[in-house]
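Got a structure for you, written out below as structure tokens; questions coming shortly.
Just so it is clear, A, B, C, D and E label the chains in written order, and each chain counts residues from 1 on its own.
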């Protein structure tokens, strides 16, 4: 019964993925991709990875989807042709891709029985300061990865802003939104944020013990910000907005400072002494979530752009 | 030990500061971070040379739970080379970012991206964890792509886009290999993996990672993104991109093939890598021969020079690993990577100053520039000597070591590649050298100050000095690497 | 202290070079003082060393570059012969060049690279290991290029490019030869000849050929000679440097090192590669002379004469009989003295009379007696007229040919002498027996140009007349060959 | 008892979903498709949420489910309104 | 066939589909979408591997979350490049000579 459910889900995922690649029209491909992301997050639940499911739904499907949809809109406004002529039929390419899939499938069956590091991890978990093992890995065991990852976000944003045209540099981020006052979008924008902010903070808060954490929570907060901007409730800042820039770096900075403090106090770089580990992780997560929220939202909004009035 | 933390943390902190602070303060923060990181890099090298390999288990968690970083001789040497190039690029860039609208945008982006690139390089050089390396090379790629796009012109954007496609594809292939490794062994740490029980999937995993890293290193036939990207970026960015970025993925390749999975190195695979390197030497050299823009000549030369690096695999890997000549080949390749980094950065910085003075980098634009700017011209000539592999230079020492290993191994074909590649390099570098030293009416243009002109000369001098005083760098390189120590042949 | 002597000798050229690069054009005094001072100090150091070596001292300095890559400097009798030659001629050429260049532009670059060239040549002479030799050999290539291109006009650039076109492939070949051999034997030191028994003879023959190509290019062995006549577009001091002080001498010196200190004459004989080399040298002698005959430009004729004359050295060392070796080694010096005289004079004709082609020499003998006398001494010496130095070399080579049971050498020498006469005597005839053109303006009121020429000519005569003494080039050559090569 | 209720309500929810999907596929234009989707799917989701709440361990979970349904309603209403307006503008533009 | 196996094969298929999309698409936005397909396929494979022993292994989950964030960062920059490139060149595809990947 459960296997049939899994099989159906997998079949659907593969079919939607195929539709994403083969379907006609960029817009359609992106819609399929969003559906794909949602289905994938169900798959993550099935694999027992609820943290990943949340991240996939929020980031993989949600924000990435919005990012792509926004890009379609921007592309249309650039006056670039809608869709270049499709390439020639790719039989050899298709065979090569089938070969790659085949190789990976073969590898699955050729894998040795898992030697699980789970035991080491389980042994270390009580000293990690949090109960959710995924959070323990992200914020403590492999904190260096996570620190670098938060920096990756920042690097992408700096790179993205550089893509602005010189004449647009001092404009506000993204395209200006024109919303009918009192319209449905504005009402939605007013209704959602209180709930959204609550959900976001809640996700960060429970990340210590249960699925959730800085990334998932930060994403929800970013989404709230996006909706508010779309609804015209808040105006997007300019790249010179120093408060915002400070918000972008506060998370990595706190993280880094905690790491250096550990080194300076003799515990070691990024070492969180056991008694204060829980508190430290929570503090880092709060700061990180703020930065992630701001950075993700800016990533989706895009570089500053002067609106083209029709 | 603290130097190891410092080289990781300082550029990151600097990058965060440059993002958060306004214009002038950001520049001061960047300068401070550059100086501090340079000092930390030198301190680290001194530490490694004196006391051996520092190892840091980050967060106090030993693998497989946590991530370990180690600064062996290879890492320390690369970090010092990176710091040198970065400091030079930073010095040159300060004056390149003019005020005005374009300046504001570029000035905002350049410093954070440069420092992020630096942080990523240092992180990659010391990391012992395969997944951490993935995050590191992603950070590296994103920062590098940003630097390519910084000019904002259509050509630069197309180059950045193409680079992005290759970089992303490379990252994903590498990630695929990492996934297979973790699935098979439940570990990501290089040390743990060295002692693993080999699995049947290891060959596939290594192949995937290797192809991905080759794409990032721009080895033939994955090189097409490199010349437009490096040729289109502003000179200090090109210097970093060409001198440093390919080295990061090359160092990972070295670690994979010599430390992590030496058991998977079959003769055929090793020979194939060297064959691709050979193709790169030939293709890059021929392409450089027909370019009319100096930056493209220099960029294609990077394609060719990267090819040399891959000759190390059949000479020091597989069955050769235990042989007396392996050390020579390995040291030679690393030496080549180091001296190429210094020389290539010197070239790009010199060309950048000439472009500022003459308004273009077509060979005809640069005729006779040596009269106006003799020091940079001399730097370019010295760098050419290193790239051609003429004595006395780091390039020559490397070439001699690799060629000797090749003959000793009975694989003299690779030695001929080295020799022929040197001639090809001489051919394509002769044109620019002859043009810049030719006599010409020099149009009046403001020249950069002597202090700035001397920067490329210092880099080129370092590349040459690497050949004259190679004993100390050699000892450093062999630190933490018993196979590479000793006399070799 | 004595261990550092080789390094000091190198520094006497390197330090002036390094400082000169950064001098402004106007700093004539400082630049001249630096270069002359360097040359004089170097001469003094060499004299000190001669005394010390005569007293049985030996000098050796090793600078490790990398594992297996050691820069070894040492002094043996052969090194001393070469370094004395180049140091003496450097001093003369520097005096000459200062006057020749006058106030022409880019002097700092010129003298910088000039000193660098001498530095490289000294390094070649003092190298105690094959790889040190190669490093300085390449440094010489690189530092000569800017000198050949010095005028920066199209012809100079073409000549300079041609020079590299020969030099770089040949140096690559040399490197391959070195690496190939050293990968089998380990680093090769000139102090103790390597054990080549592990390498099969066929490979050794190929390696020998590669070596000869690699170093022979600088000695302008046919067919690797094309760059030398083309390079005569360079200023006269550069020609002197190429033909006498540094480049071709370094090539010939390299051939000697390869035959005697890398392979050893027994091995060369065993492999049967000496005779082909001697034959190639003979061919070069004849062919170079024939080509010289066809030239109408003085410097070009002299250049082809060099092609021919340098192969005397190679012929001698390839024959490997005692007299031949002595003759070859002595000719290393003799040819240098005579040829530098000729080029100095050719430069004076050009500078003071505007004469470059042979026709212009008509009657200059009376107007420029000092110059023309020197030129005549050089030319007659080349032909082999006693008591000038060239005569001694030829006699020794001839006897050496007979010793080596190669009587055809006599025929080569005979033919070559006739040809030498054929291309030099007409010049002398024009100088002394033709009437000068009525509108010609010619004088030799330039003591700094004429002086070096006179000194060099005098040296060539003395080397011939005092050949029997121990301190003459021939005496040294005898000493070298007895002490080091022919037990 | 709880299981039975879950089966029943999720079953009803599924029927509404099926109807909504059929409408999406079969109806001729944007407006009627939107009509089918929003009406039927929102109801369907409500029933499924109701059904699952019988499996919930605490009132907190039930409250969460209700919150989710509420947010979905809000989102669906807004999005369909926006789509409709866009479609209307496009039709008028042609 | 067990659950993890099913998902691992799905992941393998997704990688293949993504690579095909990457090669065959000319529209740059579609290529960026294809990258995301490949990445998520690899994550599914990794997740399946982590789920083999019954309870889910938290380490791969953490890696995947990191990977998802990295993928979004890269996608955002890529999308920005696509738009900027299209605005500068008028085409949402690379010039013709590219026959890479």
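Everything below uses one rule, namely that contacts are C-beta pairs under 8 Å (C-beta built on N, C-alpha and C of every residue); 3 or more make two chains touch, one makes a residue touch a chain.
Fair warning: this is a prediction, and the values are worked out from it, not measured in the lab.
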I need the common contact partners of chain C and chain D, sorted by label. none
Among the remaining chains, which ones contact both chain A and chain C? B
Give the label of the chain whose average Cα location is farthest from that of chain C. D
One chain's C-alpha mean falls closest to the whole-protein C-alpha mean, and that chain is B
Could you tell me which two chains share the largest number of C-beta contact pairs? A-E
Outermost chain relative to chain B, judged by CA means, is D
Cα centroid separation, chain B vs chain E, in Å, comes to 27
Cα centre of chain D to Cα centre of chain E, whole Å, reads 30
Report, in whole Å, the distance between the mean C-alpha point of chain B and the mean C-alpha point of chain D. 55
Where chain B touches two or more other chains simultaneously, the residues are 131, 135, 138, 142, 145-146, 149, 152, 157, 176, 183
Where in chain A do residues touch two or more other chains at once? 104, 108, 111, 114, 116-117, 121, 141-142, 145, 149, 152, 155-156, 159, 163, 165
Those chain pairs meeting the touch criterion are A-B, A-D, A-E, B-C, B-E
Once bound in the complex, which stretches of chain B touch chain C? 325, 327-328, 331, 335, 378, 385, 388, 390-392, 396-397, 399-401, 403-408, 412, 415-416, 419-420, 422-423, 426, 430, 434, 437-439, 467-471, 474, 486-489
Report the residues of chain C in contact with chain B in the complex, numbered from low to high. 21, 64-69, 131, 134-135, 138-139, 141-142, 146, 149, 152-153, 157, 160-161, 164, 168-169, 171-172, 175-176, 179-180, 182-184, 186
Given the complex, residues on chain E that touch chain B span 15, 22, 28, 31, 35, 38-39, 42, 45-46, 49, 60, 63, 66-67, 70, 73-74, 77-78, 81-82, 84-85, 88-89, 94-95, 98, 100-101
State the interface residues of chain B toward chain E in the complex, per the touch definition above. 131, 134-135, 138, 141-142, 145-146, 149, 152-154, 157-158, 160-162, 164-166, 168-169, 171-172, 175-176, 179, 182-183, 222, 224-225
In their shared complex, at which residues does chain A touch chain D? 184-185, 187-188, 191-192, 195
